[in-house]
Amino acid sequence: MKSKNHLLFLFLVFLSLSSAFLSKKTKHHKPCKTLVLYFHDIIYNGKNTANATSAIVTAPPGYNLTILAGNFHLGNIAVLDDPITLDNNLHSKPVGQAQGLHMYDTKNTFTAWLGFSFVLNTTEYKGSINFIGADPILVEERDISVVGGTGEFFMHRGIATIMTDTFEGEVYFWLRVDIKFYECW
Amino acid sequence: MKSKNHLLFLFLVFLSLSSAFLSKKTKHHKPCKTLVLYFHDIIYNGKNTANATSAIVTAPPGYNLTILAGNFHLGNIAVLDDPITLDNNLHSKPVGQAQGLHMYDTKNTFTAWLGFSFVLNTTEYKGSINFIGADPILVEERDISVVGGTGEFFMHRGIATIMTDTFEGEVYFWLRVDIKFYECW
Amino acid sequence: MKSKNHLLFLFLVFLSLSSAFLSKKTKHHKPCKTLVLYFHDIIYNGKNTANATSAIVTAPPGYNLTILAGNFHLGNIAVLDDPITLDNNLHSKPVGQAQGLHMYDTKNTFTAWLGFSFVLNTTEYKGSINFIGADPILVEERDISVVGGTGEFFMHRGIATIMTDTFEGEVYFWLRVDIKFYECW
């Protein structure tokens, strides 16, 4: 009988300790979900109405809304509705749209500030992901915050690493976004 | 004496198990707090200075700041300071102000991107709630993220469901917002 | 032997209870990290190109981009790239840049809405902090949300209290920001 009691004791000790460990913060620095997506930005230049996916809406004195301004584009805000694809091919079937704003904010280098959402609506992904952050464009990999999500991405938070995959002149930009969610629900 | 020991054992097993369950992530998909609020947006049209609660601040070429642009309003950014009420009556006593920005971002349908705050300052509610997200205006219920709060809503996160309650022409919009906090502090 | 059993019982009761307590939400209203930083905003006025750190990018009818508008600046959006310092001296060595937007949104008092990031890149601080919120400028201390961070501030959330430390005319503004993180990773 004593040995049986001892086994029970040990079992209870194990239970107590394991629950004590489980009760510690369960946040890890390993993503609970990841996504790699591409989006394609074609700036309206006065002639490309059919293809354009973004439009300049503010410009500094001396510039109009159909060309990025000199002085590192300082003073330009653009609104976007860019197709999102699963690979870096503009002509792949879009899985959603990147919507929001992009603004240039520095007078002596290229930096931007971003506030935008990925709106995904396919059988694979259904929901939205909301981002904000500073974008030091010339840096190869820049991190911004994933501050929330809806639908499939309900309440998610994380980090998005943005990379300029390709660009052509000052009109076409292909961006790769590695989304790492660290808080899933 | 043995039966007494058994009762104690059972009690400890119960304690251990219950704490093990409690120690699991306590996040539920049931809101910890909900709020239903209305806000009323009256766009400045050049003649309604006294009543207007929002102002268009950017317009595409060919449009001015006193009328929403054609082409699905693409290129319009509006800043708002809209009264918030507890029911859908514009003339009810406001409990706060909805402040921030609203921008139209698509060339072939009505979609917007929102970044704004509810600033509440009554005996009932005191604090601010911060929102961002894509707003596919034509969808009846659209979800955006509640990314933070202050005062009574300190550190809260959640989802806000926006519904267009009423609109009159392109000048008056009544919106209903169902705020569901899933992270309360 | 019985007394030994009793000690073990008590020990297990203690373990069970303590883990039950630990398993409760471990979020406290005491910051896990704090930072006090200053940023310095010098608005471009058409003559101060060398010193200016921010630029007005939208203005209401009748105003241009080199002066804040009348009517409580309603309709002005400014983009910023302001130096951040550890004390309130503009000439101290900057530890980073405050980048983003600042918009005036009310017709009968001074209020703004802010969306910006602190980009810190020194041996002391390396990473970014992302903020949004309403800024009732005339209030001495106003709280906005820290909605995310990267690098050293990976996934952090909190509250930032903004205070206008000094201003000169309508061109220079010194702001103090007390950042209190309540969610550290």
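In order of appearance the chains are A, B and C, and numbering begins at 1 in each one.
Simple rule for what comes next: contacts are C-beta pairs under 8 Å (C-beta built on N, C-alpha and C of every residue); 3 or more make two chains touch, one makes a residue touch a chain.
Please read these numbers as outputs of a predicted model, since none were measured by experiment.
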Checklist entry - Which word fits the touch map of the chains here: line, ring, star, complete or other? => result complete
Checklist outcome for this item: If CA atoms of subunit A are superposed on subunit B, the rotation in degrees (nearest 5) amounts to 120
Checklist entry - Looking at subunit A with subunit C, do both copies bring the same residues to the contact (over half shared) or different ones? => result different
Checklist entry - Taking each chain's centre as the mean of its CA atoms, how far is subunit A from subunit C in angstrom? => result 21
Item to check | Sequence positions of subunit A contacting 2 or more other chains | outcome: 5, 12, 16, 19-20, 22-23, 58, 77, 115, 132, 147
Item to check | List of subunit B residues in touch with subunit C within their complex | outcome: 1, 5, 8, 12, 15-16, 18-19, 22-23, 26, 49, 52, 55, 57-58, 64-66, 77, 79-81, 97, 99-101, 115-117, 119, 128, 130, 132, 147-151, 154-155, 185
Checklist outcome for this item: Touching subunit C in the complex, subunit A uses residues 2, 5, 9, 12-13, 16-17, 19-20, 22-25, 27, 29, 58-61, 74-75, 77, 103-107, 111, 113, 115, 132-134, 136, 143-147, 157-159, 182-183
